[in-house]
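The following blocks contain the structures, represented as structure tokens.
After this come two complexes, each holding chain A, first together with chain B and then together with chain C.
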Partner chain A sequence: MYEFALAGLLPYTGPLPRAIVLTLWLSTLSILLSVAVGVLGALCRTSTSLVLRWIGGAYVEVLRNIPLLVVIYLIFFGLAQVGLRVDGFNSALIALTLNAGAYMTEIFRGGLIAIPRGQYEAARSQGMTAFQLYRYVVFPQVFRIIYAPLGNLMIGIVIGSSLASVIGVEEVTTWMRRAGDETFRYMESFLAVGVIYVVLAQTINIGRIVTGRWLLSRAPIGHRR
Partner chain B sequence: MSSQVAAYWYVFLKGVGITLWISWLALILGGAVGLVIGLLRIAPWAAVRWAAIVYIEVFRSVPPLVLFFGCFYGLSYAMKLDLSPFSAATIALTLTASALMAEVVRAGIESVTRGQWEAALSQGMTYPQVFRYVVWPQAIRVMLPPSVGVYISTLKDSSLASIIGYVELTKSGLLVRESTGISFEVLLIIAILYFVINYSISLVGAALERRFKYVH
Partner chain C sequence: MSTDPASPVLRIEGLVKRYGPHLVIDGVDLDVTAGQVVVFVGPSGTGKSTLLRCVNGLEDIQGGRILFEGQPVLSRSSAIHAVRRRIGMIFQSFNLYPHLTALQNVTLAPVKVLGEPSKEVEERARGLFRKVRLEHRAHAFPSQLSGGEQQRVAIARALAMNPHLLMFDEPTSALDPETVGDVLAVMEDLAREGRTMLVVTHEIGFARHVGDRMIFMDGGKIVEDRPPEEMIANPENPRTRQFLGSILHH
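Up next, the complex of A and B:
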């Protein structure tokens, strides 16, 4: 009979904090970078130029339909053969950013196209500068639309960062594999790491819910439920 | 395409077949489990609802790769099950897909307004009748387009089965890469194959969405 013994993992907890920090660092960097990619992509997709729209659309469709794992392999193994050596962490970061950037593009596009053109014209006719227009008219409305899918995508990025383990980045999933391999306590290391990911993802989830409540409390009277 | 890689065309083809098969299987199983969880999620008892929420949130939060390990090594050692890579991959994919499907089912059923339940019940229909003849036909229309999304997501997740040694499309590519020593071209072919499969599925999904849009 299998004896469940979490204590068997204790000798291996040393590198765990570093692994958690690396998971957080990789996720945070790719969240920030993919927001930039997403804004750029959304501007392309909503631009008046047919070429830019097509490029934006092709980017989204291609990256959304290829598994993240294959993108990671392409950058890590594939580019190395063409002569571009990218290390594990950067390969994972680039792949995650490209992948999440495609979803970000769609989220931001959804937010942008929800604002009627008349509002831009009205704001400009009131003498607002472009910065004021985006800061006080566009952004508050777009944020209301995108915060929920943005939260889900952030969870997706944390989950996706686990794939960095296949190319040797020493993050949480790598720790799970190593601790399991060395102690044969696979079930324990799986459950421990599962709890870590649930805590990370649910922290984002709770942040999303709190943001929603806060937005609701600030909504114009007519929009309150 | 170099002839060296082209000689392995049947390996790629078989990989496509296996990837389609396991993701389809996981979608069906995940759909069945997801239907039950989705119904429990809107049950009238708070304790049941919470259990369903915990299930959905846990399997949405734990990375599929971690689930693959848990099922393949964890379950095998803990339960003395000696699962094959295929069984472990199917279980892991089903768990992930069921959490996604549960939310799709919930959204579908909640899209039918309370008034319809009340109207149908007041006509003397029983609960199962209302569900079967009033709610379900409408809910399924709402559920179909996002189900296509779940299928694509499951198909992409199935690439992770390569990590535990299940020879689907990604693993086929890695094997060809090892025996030919050509990385970029082989991986590019794999990426293109995934794109063609998933993009075709998403086109079908878009067609379904258009078709069901004007029904209400």
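Up next, the complex of A and C:
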């Protein structure tokens, strides 16, 4: 007769903090890098250059339509086969970034096309360079628009990072498998890790909210305390 | 840079602007000297707004040339930024930056584009808010302002760059009738200060009282270019007569 006993996992909690840190680290890096990819991708997709639009579009369509798991395999095993060895953590990081970057591109593109033409014209008419225009006029407004959809995607990245377990990255899901295998307390380990992911995803989400509030409350010029 | 007072601030020679096969400006020549207030009138779609947009390079041109303070205006050259910094533009739809307060709208470009110290700019901006009669609204966001207030902030924003030329592209067309007067009053003050201004408008009263020159455009061409009083009293061209007749006596 099965009996639920969370305590059965206790002997295996030693590596758990490290695993949690690794999941957080992998997720945070993927988020930051995929935001950078998304900004660049969106600028390409909204560019006046046909070539850049095409490159941006091809990137999004290809990466959005390949399962993350396959991308991870491609980078870890596929590249190794042609002589390019990337370790587990970096393979997962690259795969997550490429995958999330495609979605980020679409989110940022949506934000960019929501900015009326008049905003660009006003900024240009004041002599702003392209950099100044995006930095002071366009992106602060884009940020407000994409702020909410960004939350969904960030949580998706945290959850997606669990796939790094298939290539031996010692993160939370790997810990779950091992703890389950060694104690046969599978139910307990699955549930425990489920709860851990909820907490991690929400930690990142709260990070987004706090950072967002701070950015929004900050006066862009003058009055800076 | 010292400029010969006799040389025009703006010189346009044989300007041609096309959108694809559609000819919008068809060979316009124009000299504007310092302190002139030039009012453009004419039916919609005759290239008045496009003409202004060519002057600061928001539109590229297909023929002729534009000289602003002696320098060619080339929309794709990196020198265009320097030209635009000296030309203030006011749009029909205001185009204030919605994420910034009225004051920040005014101070942004002088600080970030011209690199002026923010303290000085802020001081100057406060003076400009007095000039456009909006001291009490400096910390409001654009969404909290009426159309007329937004347009006056837009004027302050343009003035903050200390421009040598102001261009108004139908500045009152999107306004409620009761706020039009506030905006026109501010524009009249600017004209009295001796500002060089290009104004596209349907406000014939403003043209008559404030304009030094009135230009009637039709079909992408300048049809008549005369002092407003004269043109309104006695239009030479039949198209001008027809147009003025239709907007004066409706």
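The rule is simple: the second predicted complex is superposed on the first by the 191 of 225 C-alpha atoms of A that agree within 3 Å, B and C clash if a C-alpha of one lies under 4 Å from a C-alpha of the other, contacts with A are read in each partner's own complex, and residues count from 1 in each chain.
FYI, a contact is a pair of C-beta atoms (placed from the backbone, for glycine too) under 8 Å apart; a residue touches a chain by one contact, two chains touch by 3 or more.
Small disclaimer: the values here were computed from a predicted structure and weren't measured.
Touch check for A:Val62: first (chain B), second (chain C), both, or neither?
first
Counting only touches as set out at the top, which of chain B and chain C does A:Gln119 meet: first, second, both, neither?
Once the two structures are laid over each other on A, A:Gln119 reaches chain C alone.
Between chain B and chain C, which one contacts more residues of chain A in the superposed model?
Touching more of chain A: B.
Per the contact definition in the header, classify A:Pro140: touching chain B only (first), chain C only (second), both, or neither.
second
Which partner does A:Ala148 reach: the first (chain B), the second (chain C), both, or neither?
Neither partner.
Look at A:Gln132 in the shared chain and tell me whether it touches chain B only, chain C only, both, or neither; answer first, second, both or neither.
After superposing on A, A:Gln132 lies in contact with chain C but is clear of chain B.
Check the residue A:Met176 against both partner chains and state whether it touches chain B (first), chain C (second), both, or neither.
first
Spell out the residues on chain A that touch chain C in their complex, using ranges where they run on.
Going through chain A, the ones touching chain C are 116, 118-119, 121-129, 132, 136-137, 140-141, 144, 219-222.
Could you please specify the touching residues of chain B with respect to chain A in the complex?
Within the complex, chain B contacts chain A at residues 57-58, 60-66, 69-70, 73-80, 152, 156-157, 159-160, 162-163, 170, 173-174, 177, 182-184, 187-188, 190-191, 194-195, 197-199, 202.
Which part of chain C faces chain A closely enough to touch in the complex?
Touch list, chain C to chain A: 56, 58, 81-85, 87-89, 91, 93-100, 104, 107-109, 111-113, 118, 122, 157, 161.
List the residues on chain A that touch chain B in their complex, please.
Residue list for chain A touching chain B: 2, 4, 61-62, 64-71, 73-74, 77-82, 155, 159-160, 162-163, 165-166, 173, 176-177, 180, 184, 186-187, 189-191, 193-194, 197-198, 200-202, 205.
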